[in-house]
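Mind looking over this structure? Questions follow.
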């Protein structure tokens, strides 16, 4: 029972971490390797607003979200736009941005484990004999909500559809009046926003440390790829595959195999399903 | 209403379009014919502004230098330096060569994305219209664009362009890969679209036979220059044109 | 030449997740024949080509090439045996110059074994042979066209490049998937003799086409597909007269006369 | 006079990097203010060259740290290496390099692996320049942790132990040893050590298990900041067991109280060398703590603080005795070190060049176990230097 | 109304020699030969003389060896990504495998350094190829991500099973006899690798590789087994990496799990991007720029990496095509304004 509950929580956590990355990549084919940095940045900004300026928590959260979205958008507008379409350069450039942010934060004083955000809700309940605190329940609930919202956004709104079009064939999208640069800015801003949301939901459970940036990035990339590019169902399922793989190994194999099993799960899934659980890229590319 | 003057396009030092001027009035259908590498696609890209975008990207990646000269006027405004998306907003929609369907989206989604510029009501109406002129599409709305057959993709590409509510529709080789029946229907529909929906259309084709009868005015491109122009009858009666395009 | 068929397709079925792309298709192909395959859009022509050349695996049925079943064989092995194809959606090597596109097939085990196109692949430089092939197929040798990067070539040339790739392998069967579309009338007219010449050289051809006039000049047999099933096969005139074909492929008299 | 250059390869963005950096600077300042180091007849000042080795960062190869060490030697012309590399693996990797350059090195922070001095012991000629002045894992477990646990056990009649470790090798190995040793001592170790990957933010499953099994002491062997969360969860769940953070735990830092919103109260932690928390180990201890507090505005943080500080003094002492900065001579002098320092009597094992530990500051270097009590770190072990008594959390007493 | 400047355009023309050397035409004069060979000789001579020039600053000699190791990885990456179409983010795997094989051969089996390095190169290439074999059908990012996972996995496996010295690593390897041998072994290997790869990609086989990258379906249709070519590509790239890894292990006389660290995967890619992908020499130039910058920045302490990242970004943004591509174009072509 506890495996089930904590498995779900773990999976929801992963899904939240991956959301922003999946959004940006799925929707504009931009591998945003600064994702983890934005995640940490959001936490740090919120912490600053809360502790240095003494703003109320809600306001601090709102401001942090807004700021990070702006940072994300600006990142595209100022830097990434110049190398649009050169995917290796995009990876390196965004990774460099992330590095600059993270190491800049480290230099600016984000060292050690003393930076934490308060939980939204204190206390815990017993579910089927397992005690779970409210913040974790919130993770699952908000995670589901956010996924739902983004799914709706991508598939049923004009902007979402336009983003999708641009991701698949930029030139064709241009001919249909979709302004690709503006769209990419929008998707980066949105992606950063979801990174920030994830951060602010998850960080009260942990502390704001630079290393989390790298961790979140790797997990996000893994979930996004295992799920299959651009597939929401896939991303969710992938979080569950990896999430449960982790929890199950902890329970039955010993935790030092956790990472090993998670990585093996990723590699195996991809060997068996070369375009991820729900991706069709390989078939599409090989359709002649 | 639409006029291009002295268009020149250089790919590096190669002149792909040499001083081409072209005009298209309201509701008119203009044909652009020419053999391989005559410069038809180049012309279409230039008119729709994609060429600017290509040039920009090439420059960024350190590739070929593409030089564009000449001016394009649309409804009395010089749009030669507008971005493609801006031109599209003004109603100039290109249905590009080689289809360029969104492969990971279903047919319906492809059409919906095409309707980015349309109002919801317009989109719904056009959607029905697209299914009317391309009945085969109705049976495959859920299938992913990338899995469609060549001809199905071509229909979808044209349908998608229509969804964008064009005022000036640029069709680049619309007949490529279509079965004779659909070719015939498409030619008819082009006429219908121009007449009933008040859309001006410029069609670039190699295969002139089905298109020639429906055009109001036509140009023959050769090596980047417009060598012959005239209305339907003038072109049909030109012996060179006849032998080259009708296999007389 | 009433001997064995070089290729025979037996009861091939293929579905793509519920879509019946091919149902019980069978036909025989005699050496030296030119078989035309026609049918409405989406009727399964390309899928048939894919099944024969191994790019798609048939669900059931057999593809016998010189008596050996090819179903399940990897595409490169099939090509290696001399059964080549063009792609309807052109697939050149976009970053290479047109003539370098042909180095790849000329370098393949088959070309090295058999000598490639007219025995030229082994002797001399592959570059020269490549340009020879391109010239044959309508790229003017003296112009810059054969040396241009494939990505900058227009559709028409890319279609021909597809065919050139097949020729370079010195194949026994070439399956052309819509090589004529994208060519203007006069260009097509120049391609017809080339096809005839190939036939003379003993190459068997399957041609999937929508340009019927030219096809009928070339093909000695025509097969019609509709919704994945074969609805008619025979000499062109017969097939054109078939009622079912008229209904399925042309839809109306109007269209028919237009063709 | 020409300064003597101390090269400090440290992972400066991390606690076990800046702790040493600060302490070394403090010591050097004091010594230079007093005129410097007497080499023969000359008084020479000390100069510190710090290089960031980044060896505690994930994803950074050890060769990066080794490059840093080489840079200190070749370009900064360091005369001695003091401090790191910090990560055990990097410290081990640097051994060959340092001995190749005949460079005296005193390890003062990080690197806890027993393998280090074992290697020196095995190859005394080759590695004779390599010293370690800070604690090593084996002593900490057997010499400090186990006695302290036994002490607690006797005092409060507790004998049920639960072990939680981080998924790094020293912690896993340490957890295993601890289990074996404590079982032999008659404790009931409730399960195999529960392992948590670095970066875990949820410990509830382990805590639940501990609660279910009636654990009375929880050993937390983790150096990740997230262990603060563990304490928070422990407090929220009111787990009736005494938390004991061993070796480089987040709890050793003064900032820990804030990080846990005070929920870290009652947590015990080991700060490796006395002097890293205020105590009266030797007369020098509080002098050091005060000087540190004056300069940096806080109590000493990481466990390398007092040892790094002492390393400079020990080196000064050895140079003065040798009368030269020649490596071989100074190495010999170092071996003969016998100095009453911040954390006890400092001598090196003649074979392994490892500092000799003890529970009595008069005999050797002592470590400290303290407990968080009302926002303060109160030293509770070893008894010779303790300033307070161990307290049990109220919900534990009620349980009894 | 077109503005005055609109009637002009910039013309770009190949220099005469370039055109003639691309065709089969003879290149006669010394000046022309010098034009063609100049850059190559500059690189060769530069790299060969560099150690001597750096004699007064021994630390920078060390940096040079590190540059060579990264360069090795970078040209491997460039080859794989731009000629075979496999974007491998797993450079660290090659380094690690090479280092461990060299370490085991040296410490356990007692083979001398001159044997372990070549053996590690070949065996390591083989091991990496076998490991990556099942992933060869993967495309694009999928391959990239799986290859990124491999070094992480390797490190975790060694840690979890405590094999090959566990987290402590393997110590006590032989060092190079002196720093000159260290540098020259690497420099000469690098130059050989560079020119051999150059040659390879221009041969007909090289065209097959490029075909695989551009369009593997067509390669299949030409009767060529793409998996074999992909595997061959991986073997070449990973051998280079393993060579670097083996040398690294011997330079520091130690092998450990941190040789699977992410930096070994990222820096070569960054160098490739800075230097210009698809040029092979570009990545070397990228390394020659990036690694020293990173060393120079050491004085910044913690801020170093942030500054480094910013510099890297500046390179990417302002010369997005890569320095080598840019330089080569300028070297080979005239540009001037012409009237239309």
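Think of it as A, B, C, D and E in the order they're written, each chain with its own count starting at 1.
In this text, a contact is a pair of C-beta atoms (placed from the backbone, for glycine too) under 8 Å apart; a residue touches a chain by one contact, two chains touch by 3 or more.
This structure is a prediction, so every number in the text was calculated from the model and none was measured.
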item	value
Chains contacting each of subunit B and subunit E, listed by label	A, C
Distance-maximising chain from subunit B - centres being C-alpha averages	D
Pair sharing more residue contacts (C-beta pairs) when D-E is set against A-C	D-E
Separation of subunit B from subunit C, taking each centre as the mean of its C-alpha atoms, in whole Å	28
Chain centre separation (subunit B, subunit D; CA means) in Å	74
Subunit A and subunit B, separation of their C-alpha mean positions in angstrom	40
Distance from subunit D to subunit A - Cα centre to Cα centre, in angstrom	37
Shared interface positions of subunit C, touching two or more other chains	46, 55, 87-89, 91
Subunit A: positions in contact with at least two other chains	82-83, 86, 106-107, 214, 256, 259, 281, 286, 288
Where subunit D touches two or more other chains, by residue	13, 58-59
Which pairs of chains touch, using the document's own definition	A-B, A-C, A-D, A-E, B-C, B-E, C-E, D-E
Residues of subunit D defined as touching subunit A within the complex	13-15, 18, 57-59, 167, 172, 192, 194-199, 201-202, 204-205, 208, 224-229, 233, 236-237, 250, 253, 255-256, 258-259, 261
Interface residues, subunit B side, partner subunit E - complex	8, 10, 12-13, 60-63, 65, 67, 69-71
Residues on subunit E engaged by subunit A in the complex (per definition of touch)	81, 87, 134-135, 137-142, 145-146, 148-150, 152-153, 156-157, 159-160, 217, 262, 266, 269-270, 272-273, 277, 302-306, 308-310, 312-313, 316-317, 320
Residue ranges of subunit B in contact with subunit A within the complex	48-50, 53-54, 57, 60-61, 83-86, 88-89, 93-96, 100-105, 109, 112-114, 116-117, 144, 146-147, 160-161, 163-164
Complex contacts: residues of subunit A adjacent to subunit B	82-86, 155, 158, 161-162, 164-165, 168-169, 171-180, 230, 280-281, 283-284, 287
